[in-house]
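Note that chain A is present in both complexes that follow, paired respectively with chain B and with chain C.
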Partner chain A sequence: MGNLDLRKQSTNLIVCALLLTLPFWIDHVGSYIQLGTQIVVMALAAMALNFLLGYTGVLSFGHAAYFGLGAYGTGMTIRYLLPSTGVGILVGTLVGALAAAVIGPMIVRLRGVYFAMVTIAFGQVFYFIAFRWNDVTGGDDGLTNWKRMPIDLGFTTVDIQHNATAFYYFVLVIFAVAVALMAFLLRSPFGRTLIAIRENERRARFMGVNVNFHIWMSWVISCTFMALAGSLSSLLNNFVDPRSLFWTQSGTFVIMCVMGGMRSFWGPLVGAAIFVALQDYLSSATPNWQSFVGLVFVIVVLFFPRGVMGIFRRKATE
Partner chain B sequence: MSFLTVENISKHFGSLVAVDGVTMRVEKGECRAIIGPNGAGKTTFFNLITGMLPLTSGRVSLEGRDMAGIDPSHRVKLGMARTFQITEIFPELTVRENIRIPVEIAAGLRFSPWMPRAMEGPIRDRIDQLLDEGGLHRIADRLAGELSHGDQRACEIMMALALNPRLLLLDEPTAGMGDDETYAIARLIRRIHAEQHMTIVLIEHDMRVVFNLADRITVLAEGRPLAEGTPAEITANEKVQAAYLGGAA
Partner chain C sequence: MTQLILFNVMNGLIIGAFYALMAIGLSLIMSLSDVINFAHGGFLAVGAYLAYTMTPYIGFWGGLIVAPLLTAVLGLIVEKFLISRVYGRDPLYSLLLTFGLAFIFEDGTRYIWGAQSLPYQVPGWLMSPLSSSLFFLTGYRVFMIFLIVVVVGGLFFIMTRTRLGLRIRAGTLDLETVSVLGVNVRVLRNLNFGIGIYLAGLAGVLAAGQLGLQPTIGASLIMPSFVAIIIGGLGSLTGTLLGGLLIGVASGVTAVFLPSATEAVMYVMMAAVLLIRPQGLLGEEGRF
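What follows is the complex of A and B.
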């Protein structure tokens, strides 16, 4: 027990240290700061999905919709309404949360494959809206002609627009708050009720838990953080691609969780880092990069069914 | 008024009649065993009481309150807790966590996004108490999925008890166990019954356990009530002997 706690603490420390110092070493490993920001954003998305997938045991294949809603919500707010990064993030996240809250009651009665299929269907609805509504969303070309704005703190201004390192830390702070909130929830009695549903739905139900309502709550929380990640992603690129709502993007988030290890809190972060780094290195080397990513995925699933973080866990308990 | 009243309940699956007009009254503090040959409809009968299956006809009431239209999770709040024929626990959590979850739920914390400081102590004490009563302290930090069948059963029973039920329904608590494990579980149930005056309804195949624990016995055969009485009356009942020993009733 003591060993386990120690190991968890040291994992937390390593993750924190690596993320905090990233701008100082990323150039030396042949990469660049924007890729680091991309990893943090995708890690937040994967961890948000894992709140539902890994800790409630519910597989969604439509989370890209909420990622995309966050992205469009932010981009469109800044472009059409108010050139403020803060308001943009807020609106994007709320739009995603609201959509999830409304769609949730229609799907939480479903389980397994049926749940996954219907989440895909709802996701595709949003994709086609983004794709076809040219006048507002920019359609196939995506949402352009807007930029993230510097953050005005009153006493000083943080120029996240031109300073990539400042933007990285801006994203990291939001990531830290979001992840801390999720960790806090998962360690609470409410979080344990979700884990109970993952472990044994029938048992949870016969403990008096209203399982569907709890799944709805977990779904809304998960989609809210997903929308936040989408919002940050749009700020990173100063652009929203309708393909970020496409169902294959949902699959990518699932792959990140599985690759990193969905039973581990940091697993999705590791999965996101591997995926984004592989994508970056391989796509500049070959147009067939996806088949190599697929190969890595297959190897991980076959030999390390609990993901990369699962390898460490097994070693630690042996 | 009986504590648990089951009036003339039936369950049809298409043309199959699994439970056919069963009536049963269980008094407060009673330990009732339900026995019967395989396929007698015992588990279906349980599922009707706990609301896992809807009734085709009849009525179930707990302390006079009609259970019609009340969801299983809500029946738990009204005091019904059950275990299953195939043990239902949280396999990837430790025994302590398995117990902690129902303790927190019973304390009304199922939606609580944090642990109230004032609740920490009482909850820890309650978990320790249940671990003690179930003889689970020595394995408290092991994963429930790695335990022996008997220990898993004990864990499941303590999880049900953690909910502070007033009626405990046990579906074949000693199924598939060796003699030692059967003895340990029977002793656990007896203690719960004797010390907490818990009202218990249990389905059981092992007649030694039944005659050891039950105040009264209800015999089901082919979905219908065959006999009801004290263990002595049931032993002497010719119809029961025929159903068990002679094959057809």
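What follows is the complex of A and C.
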């Protein structure tokens, strides 16, 4: 047990050290700081999804919608209401949470592939709203003509608008808070109950757990953090693409979780890093990058179903 | 005005029939194998493009017969070598596998046939309106509806009157027992998948004549097919057929009054069904 704790602690330390020092070495490995920020944002998205997928065992395939809601909520707030990054993030996240809370009761009774199908179909509603409501969302061209604003802390101003490294650390701070919150929730009795539902739903029900309510809670929490990730992603690009809500995007979040390892807390982060870097490389190397991404899906499913962290863990326990 | 509504109802009915053809195939595969085939739209596109490529050599009618069959063969191969390998594992993996295949199919068709829209020639005499007052009632539309009725009728015949159909229906209820009774479940799932893909291929050829050919044709039809299944009720083919036609007509009518909500209306219907009757209009309670 002590050995396992040590392993966990050292993994945490390595992840922290790598993320904190990223701006200093990312140029030297042939990449750039914006890609690092993109990885952190996508990692938050994948970890948010894994809260539901890996820890509650509920098959959601429609999370892109909440990612997109967060993005549009933030972009539209900054563009139309108030040019403040903080308020934008808050509104975007709340919009995602609210949508999830409303849709939740309609889906918590469903299980397995049926749950996956209903969530992915529901996600399309928001895609069509973003796509069709031209005057407000910019339709097919996306939401443009706005920029993330410098953060005013009272005593000093952090210029995340022009300084990419400052923005990276800004995103990292939010990421750290969100991840710590998720870790705290998963260690609490509530989180343990979610794992109990994943392992044996019937037994949890017989023990008096209100399963549907817990799944609803987990769904809303997961979608809220997803919306936060979407909000950060819109700030990163100063732009929102309606395709970020399209159903194909949902699949890429799931593959990040699986690729990294769903049973591991940091797995989705590893998956997101690999996926984002790979997509960045492929899309500059070949016009047929989509086929290769598809191939990655197939290879992961057939040969690496436990993901990278799963391979490590198996080696460690052997 | 009446004519406009009639026109849109007719359009909706045809689009709805495409949804239904796709949805029935998806539903067959989902009920027997617990797999959501996200690549279904990809198979539809392949069927359409195959017909386009073959038409100069074997004509429209030849393409209509051969292309869906070739698509079904491709489906049998994909099921045998890829999808059957994840049966019995967490359903998550089959979803991701077909998701990846959907990416490959869409990009593959774009690579082979190009990203631009291609014209698909339907025989001229089928395209002329049947009557001058109902200008939208072309022979092709009537023919499509006729063909879809025949094919769906044939499918219902297979499902209720043949041994294969009986086994598929029994398998959706309890696959293990069917297997113990001596049915080769692997072959059964393979054939069932092939039937589903045949319907997708046929929908592709028909849709090509109606909507034109582009690589995203499948991706745009698959989500409404899911909605059709949810509304009609998983496990009920009649329900799925009804669901497809219903959302097609609803979108068509909405296009007259509130064009921007053309797509949204079917999702509103889905939400209503999930709230009032979660198992779908004709679905059995307690299956999911």
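In this text, the second predicted complex is superposed on the first by the 316 of 318 C-alpha atoms of A that agree within 3 Å, B and C clash if a C-alpha of one lies under 4 Å from a C-alpha of the other, contacts with A are read in each partner's own complex, and residues count from 1 in each chain.
Here, contacts are C-beta pairs under 8 Å (C-beta built on N, C-alpha and C of every residue); 3 or more make two chains touch, one makes a residue touch a chain.
Remember, predicted model here, so these are calculated numbers, not experimental data.
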### Query
When the two structures are laid over each other on chain A, do chain B and chain C clash or fit?
fit
### Query
Is A:Arg203 contacted by the first partner chain B, the second partner chain C, both or neither?
first
### Query
Which partner does A:Gly86 reach: the first (chain B), the second (chain C), both, or neither?
neither
#### Entry: Superposed model, chain A: greater residue contact from chain B or chain C
C
### Query
After superposition on the shared chain, which partner residues are touched by A:Val211: those of chain B (first), chain C (second), both, or neither?
first
### Message
Contact-wise, after the overlay, does A:Arg192 reach chain B, chain C, both or neither (first, second, both, neither)?
### Response
first
### Task
From the overlay on chain A, compute the angle at chain A's CA centre subtended by chain B and chain C, rounding to the nearest 10 degrees.
80
### Message
Just to be sure I read the superposition right, which of the two partners does A:Phe122 touch: chain B = first, chain C = second, or both, or neither?
### Response
second
### Message
Is A:Phe184 touching anything from chain B or chain C once the two structures are fitted on A? First, second, both or neither.
### Response
first
## Note on the structure
In the overlay, chain B and chain C get no closer at Cα level (Å) than 11
### In the complex, chain A residues that touch chain C
53, 59, 61, 103, 106-107, 109-114, 116-118, 120-122, 124-125, 128-129, 132-133, 247-248, 251, 254-255, 258, 288, 290-291, 293-298, 300-302, 305
### Task
Would you pull the chain B residues touching chain A in the complex into a rising list?
50, 71-74, 76-77, 81-82, 84, 88-93, 97, 100-102, 104-105, 109-115, 141, 159, 163
### Residue numbers on chain A that touch chain B, as the complex places them
1, 184-185, 188-193, 195-196, 199-200, 202-203, 205-211, 214, 263
## Note on the structure
Listed in rising order, the residues of chain C that touch chain A in the complex are 30, 34-36, 38, 82, 85-86, 89, 91-93, 95-97, 99-108, 111, 219, 223, 226-227, 229-230, 234, 260-261, 263-264, 267, 270-271, 274-275, 278, 288
